[in-house]
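The structure's right below; bear with me while I get my questions together.
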């Protein structure tokens, strides 16, 4: 079978299309899946470029969607022909998180889905949302679930809440969509007026160009009549957290998801304290969260926003496109 | 001013239209409100018919909506001309419930809103949803807030959940609407196929005629592929709880709101136990819940379903209509 | 190896001591455990007496504690020689409950621990509390965890809360002990003044003889200065729930654990509603709950109260003793 | 009556003992209290030294305990002679926090309790714990409630959890005591081996001298067998948060309470994220939290640790002592 591997020490020029032996029959509790699609995330980028070092020859990509080809003994949840989508943290089935590294994450600590076939424990997958294509489903594993978990599981989102999303990455757009699905309002930022226009089309009530409005925290607060937003989907990290603290309401939630602006930096902790706000670290979610998210998607007509689609062999080109920052929505691989 | 009073021992023929002295100027922290609308609830019916005994001459009706005419010293939340709506349990501003009787409820333990003017502490009211009429707003105090509190505050509703609503009373229809607003699915019951048709128009995915399907609990479970519903808005009481237990999922919530079928009865407690379900008593909600609900309404285009509107003098006729059970949605008074 | 089996249709005279082939080597993810102790619960009684029908030849007893004899491939949590204790619902590792029957419960749907050796998946066990004997540990699987889960996981117990425990069964005594461990007060009932004395020695602040005080609900309320208790460990079922509703505070929790007085009965639902109380079905807990409980036990000097100990061959005699109702605390088997 | 006032711009040499007209009779809903004790907190220090600017002539001190001398119309909760203690944020009675400044805090935005008599709304006070002296009670308003709210209300503390407390300030010692009261373990830090000895006497299981062990975060993690602590009572601020992140478990809570090391600084946000930890701003708590805390205290034998007591006239001396950092436990004023 065809597979992409990352040769050490990583870098887009170290991505290699290889022939790998196809996996055999699934053992007890396992399924074999013909993977048809994946999608690109910041974390995948870190792996393929070597920012996160991984084993030489690692198959990258955490997102994988495809069709069950064979089921092992004792598997009751899936049948041959079922459309399935991967989970980001397979050991985290339900309940409390228990990992603070990526050693069990497909496409990082173990081989991922940039390949045509895998044999994995059945509970590393869930059903796809009914009616979704493989590439739409593939966007859910990382970006979709991160947004869902932050807003709904940690954030207990309810209708009438206001959510602030930063930029137009996958997580932010999903957060916008889930928030709208649940009757919440959205304020969105971007450096591009064109992208802001698209965010408004997707349901953002207010948008802010953070280049022309660098103190967007206070602006957000003003747009909520001084109350502040209930939640911030904070994908920026230390460079944006100070503005997010200005933007959030008393007792509100800032879901700390991203490291786009670095792994640490100056944070006005006294302001966080006096606002009694919560800065909550988030790393995707559990399989149960994914089941809940898919149930929500199926009760709605929400579709992921897909920017563009590449063949598996074009994976380096796909990541170049991601790097360019010109995209709006998810970049997918289809194979 | 004009007011309706309930002469002991109650009964629709004991409702009297009287002239009462208009209230004077509001004291510190108070407002004077010109009430323009109310709406009928099961609890109001119990008061006016004397099922719940109240003081002779009590002004009934817990729901009241109107316009601020005067504000007392220190009131900052409201200004003259503001459209406001009453709260059901004024001492319960926020946090934990602390009352197990109706001694502080307008229209029961204290005078209510079947009159033209009141002077009350400002925090007995909230703003109306922007764009709502007085009679639309009046439906929120009791029926709207009960549904909201059960689903969202106690039930932590999320998109993709399934909610079962029983019948077409005010609380059930509001629950249907709030559930849809938040991306949840709804299954609804009624004894009338015409009403079931209307429930489907409002967004119910499945409907059940409980006359032809007396074991609707198992039917509901089947409609959810054996999973059961996440929440039941249980307005029936002991006569319907056994079916609701069959209908709810493992670990699910049955919000016990109503006494339509009596104040007690035979409950299969072992079934409730083995399902690890939660039977949760609900009495409306706090003022903070009302603020949250109104915020949700304003972020949506939801409108209450109003069946019919009567003048204040027609209050007995309005309750006769309520008794007939022919209505669908709220019955309002406007004055 | 020696094993006890239940011949159809059950009954203490159908308990048979048999010789069974010892289990072989553990497979991947499994461990072999030399079981040394078990303890008796109401649920075990229902199985051995045939009230809950089970497969002919079923090995009963859900509680099992012993020593790891061999570990299969990939098992990292346990080593040979480790003292371990079984879990009641092995598929429920963490998160939400997902079973409403006993098909996966050792000693009911599958073979239990009334035998000398078992091979089971490693995650069907946890470590014993440090310093506990096997029989002390065996009391935790069912009775201990039920009390812990009700009070702490569902009930969010905090210091200063008041807990009402009914009678002197295993769950009730554990609840008393856990409540005291966490700085809560306890009110306890029994029909025996001698047992009430022992409950006071264990830390109950108030005790009530429910024979001489049949309206103990109001008595409990009075003992809390009219506030009511925060939680009731309701092991009685329909015969006691009405008193428990009188006893609980507004917004309080009644954990519905037992069926001692039947599987259904007359419940004053309107009272439950007006009190905004929560009647919560409880069936033991998850493996994660057990890990938390053991962590709590290890941080304290709590020891289970053991009434008496029997040899495996005396299992019928042990259940006769249980039936007599003369015991105080857990009845154990040791072998 | 005697009162202490802070003359602008603050400073210990600007504290003045003055004669003020005694307050008159309490109006409706008010009580007059003869204040007998207060205690010193970091926030009071900031007010009296002018770090937090306040109105010229402000009466400082947020903590106040004394005896009810007179009750106004409609006050039912208190009677003449009752021992009462003040609340830190009077408008926050229950439910969600709603203030991000100190404008309503006695001793900051409004006059405090460094005086002999006050007339205040009754709900600015609660009863003292039964058996407490005035000065013991006075320690609860700020320091006690901050610890309680962080651990119990936000942190949902349970037996078996491990809590890390930093230093020997009032909040940290209360946190140690509340944690022990609820069956939790405590790890404590200090720069003084003598103080560490006293922390162990109070129940700390492990102690760390942070001078000799500047990387105490990893040390704490090691002391918990690599699991990390469930909660950190983080009174240091930016200078200690990085170590606290190392110390906390996956999904754990860091309650951000203090600004001892500054109002902002370099925080390793990526570490917080990957640990899925929660950095939660805390400012004391609500009146309902205080009622709960007092209920907990009354169910235990916990007593505040009081370092020393000064007369009201010695207030500057008391603050000098606080500044010295030599104390262990609370510094009180008695008058």
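Things to note:
The chains carry the letters A, B, C and D, assigned in the order they are written, with residues numbered from 1 in each.
The rule is simple: a residue touches a chain if its C-beta (ideal position, glycine included) is under 8 Å from a C-beta of that chain, and two chains touch if they have at least 3 such contacts.
On a predicted model such as this, the values are computed, not experimentally measured, just so you know.
Comparing the chain pairs C-D and A-D, the larger number of C-beta pairs in contact belongs to A-D. If each chain is reduced to the centroid of its CA atoms, chain A and chain D end up 41 Å from each other.
For chain D, residues touching at least two other chains, in rising order: 96. If touching chains are joined by edges, the resulting network of the protein chains shown connects every chain directly with every other. Listed in rising order, the residues of chain D touching chain C in the complex are 152, 156-161, 178, 181-185, 292-300. Looking at the complex, you find that chain A touches chain C at residues 93-96, 286, 288. Every residue of chain B that touches chain C in the complex is listed here, in rising order: 96-101, 237-238, 241, 250-251, 256-259, 262-283.
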